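Each of the next two complexes has chain A plus one other chain: chain B in the first, chain C in the second.
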Partner chain A sequence: MFSIPVFLDSFEPLIWAARYTLLISVLGIVLGLVIGTLICAARLSSNMVLRKLAALWVSFFRGVPLLVQLLVFYYSLAVIGIDVPATFAAVFTVGICASAYISEIWRGAIAALPKGQAEAAVAIGMKPSDVWTRIILPQAVTISLPALINELILLVKASSLVSVVGIMEITRASQAQAATTFRPLEVYIAAACIYLIINLCLSALGRYLEHRTAI
Partner chain B sequence: MQASAVEIRKVNKYYGPFHALKDVDLSIPPGKVTCLIGPSGSGKSTLLRCINFLEEYDSGEIRIDGQLIGYETPGRKMSGRKLREMRRSIGMVFQQFNLWPHMTAKENVAEGLIRVRGLSKAEAETRAAEALTKVGLADKMENHPSRMSGGQQQRVAIARAIAMEPRLMLFDEPTSALDPELVGEVLNVMKTLASEGMTMVVVTHEMGFAAHVADQVAFMEKGELVAVDSPQGIFHAPKDQRIQNFLRTYHERNSF
Partner chain C sequence: MEWSILEQYGPSLLRGFGVTVLCWILGTIFGMALGLVIALVQRYAPRFVGWIVQAYIEVIRGTPFLVQLFVLYYGGPLIGLRLDAIPAGLLGLTLYGSPYFAEIFRAGFRAVPHGQIEAARAIGMAEPTIVRRILLPLGLVSSLPALVNFSIILTKETVILSIITVPELMYQVGRMSAETYRYLEANLVLALFFWVLVEAISRVGRRVETRITKHLIERT
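Up next, the complex of A and B:
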């Protein structure tokens, strides 16, 4: 039988563990945004070498499963004798992986803008930096907002993978909890609820931001 | 005779192997309206866009008030800063309006005044309001482009260009994307500009406008500038067979 009290009791330790899930996802997306923007700039640059390197970066980090990237990064650091906290390794890998997707999101949004948008600015004598910050990026942000929120939600779910390097995030915490209570079903359903609540909040945030920036 | 506002000499332009402009020569007199007509694909837009170097011409010269645009000397590119300085005084109006959708009408007009002319926000908004009033949009200043008709959007685009106080205005089929009933309001704004002595180069399929407002009409076909004449000469006594054919097709299409 499904035990309501066990189900309810599972929430406290899992919510405690959720801060790791959030920490890794949020820092991951921030890092992903920073690196992804640079990668996107490199892909759009006039320098052929930069463009090729950026394209390589995207295919590599998009083409290898996050779990494998995480294990490779974590253990290769161990092999060369660098001792980094598991959380750092997790944020770093998640961020790098996200950067590959985010650079493509930016690139798509920028490509979706009619050429005339920048042309109208160039024609009145605007500097390239102003054309980017005043005309292209504000519109690209609006266009890519749904895709970025989507990426953040994917990261929240993908962060369950970092349990393999020992981080007590929601998934690993629920495994531990299930092992001590012998009530896996209640515990995992509680974990599912927490993921769902987090992601529903993110969707709501996304809708709010989309509404705010609608053009 | 007064010096030309724009002097186009032996201009050639290639898109890869395609020869889009062939030894084009054209003088644009100051304070006058020059209309550029011709069949689709004849190179009208390309020529217009070479005047403010949105399109790079490969050889020949284009001089704005005597100053070569795009090149320092023939063959050596001009610096970005210098090119921007020259573009400040050349207004351009596009077929698709190209208003910035994330800004209100007033912000669209003020943006260049702030970023390019270095005006304060307050000063820029005052000037933007004046320009918008001039094109009859005093009551639409706070609207975003998505909340305006095509005719209104194009008038905002004209206001955006004239607010910069250009010496020369380029129009690329400014009414071609408009519903027929909205064409008049845009043409009227252009007529007012013309009557105030603005130098204008207008690519158009509005033969009525070309016939009544233009001081000179240039006809292009297949990348060549076939003839430059008064509207009278082009429309009523065309010497070249190609112009006659073009006008016949035009009349056939517009009669019913």
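Up next, the complex of A and C:
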């Protein structure tokens, strides 16, 4: 039956492991933002080859399960002979995968902006790079904040998959804990609780930001 | 990749693909059914039942699918829930998908014009009849695009079942690569395979969607 002491005891190691979950999700979303912005810019550019490549990128990384992407990247590093920590492979894969989704979030946000804004900026002689950094992106960021927080929640959940390449985040740590205590039920429910708390906090943050930035 | 490998492992890969498709279709059907029940309960049940259902939705949506599977498959036996890998995986997929499907149905029901339901009440239809003849037919059609979309997302989630040893495609690929040491090639081919599969399903989905929406516009 369900044992409360075992359940409470399993929180300590799992909360320690939550550092890695947060690290991977946050670095993943940062990398995803950087690459996603570039992909989005490529998708909206006037160069057809760039547009096609960006569309291919989005369709590939959204079409292939993250777990498969993770293994492909993990093993390809070994084949090429690059010796990097598994954490790097994890962050990189999560970030690349997020970039496909984030570029679509940007695209939606930019499509929601009145076209006249960019045209006006060009008309008064702004450089294209200035139009992006001063007119389009600041507004797009505001519009897409809730969607980005939502993406971060998805990444926190997706980061559980990096346990298969041996990173001691919450899920992996709970596997280890379950193996030593022989009480998988309590341990995994504790792990679920920690994920739930993280995500409830994030969604509260998302609602707050949505409220703050509402025009 | 040598062809002899494919010859040797072809049958098990095919079987794995069969299990993937089976899990996907059954998981989608059961998940949709449970989601529909949840959406109806949220609409009609008394408030405290609604709260319980809301808590269930938050828990499922706030936790990773993998952890849910671990609780079910490894934790289940401690409370007497002993399931083989495939039933556990199916139950997991059903539970995981249900809140998302419920949200889709809820949005679909909201899209049914309120006047239609009021009109049905005004001519004296009983509430169950209203659900059956007004709410469901109208609500289901408007939630169709989102349903197709989420079903496609579920195809990608089926690979996670391999971690709890459900013998689906990814599990078989994993076994093959462990025996032949061809990890990279095997996973690369798997990635391409899923890419094609998901693209194909979403193309078909979009076509079905356009057809049904066209029909809808003609009728109304």
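One rule holds for everything that comes next: the second predicted complex is superposed on the first by the 195 of 215 C-alpha atoms of A that agree within 3 Å, B and C clash if a C-alpha of one lies under 4 Å from a C-alpha of the other, contacts with A are read in each partner's own complex, and residues count from 1 in each chain.
Assume contacts are C-beta pairs under 8 Å (C-beta built on N, C-alpha and C of every residue); 3 or more make two chains touch, one makes a residue touch a chain.
Not measured: the values here are computed from a predicted model.
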item: Which superposed partner A:Val162 touches (first chain B, second chain C, both, neither); value: neither
item: Touched partner set for A:Tyr75, first chain B, second chain C, both or neither; value: second
item: Partner chain in contact with A:Val122 - chain B first, chain C second, else both or neither; value: first
item: First, second, both or neither for A:Ala192, with chain B first and chain C second; value: second
item: Chain A residues touched - chain C or chain B, whichever exceeds; value: C
item: Touching partner for A:Pro114 - first (chain B), second (chain C), both, neither; value: first
item: First, second, both or neither for A:Pro184, with chain B first and chain C second; value: second
item: Which of chain B and chain C A:Gly63 touches, first, second, both or neither; value: second
item: Contact set on chain B toward chain A in their complex; value: 52, 54, 80, 84-88, 90-92, 94, 96, 98-102, 111-112, 115-116, 144, 146, 157, 160-161, 164
item: Complex interface listing, chain C residues touching chain A; value: 58-59, 61-68, 70-71, 74-76, 78-79, 156-157, 159-160, 162-163, 170, 183-184, 187-188, 190-191, 194-195, 197-199
item: Residues of chain A defined as touching chain C within the complex; value: 1-2, 59-60, 62-69, 71-72, 75-76, 78-79, 153, 156-161, 163-164, 170-171, 174-175, 178, 183-186, 188-189, 191-192, 195-196, 199-200, 203
item: Chain B-touching residues of chain A, taken from the complex the two chains share; value: 114, 116-117, 119-128, 130, 134-135, 138-139, 142, 215
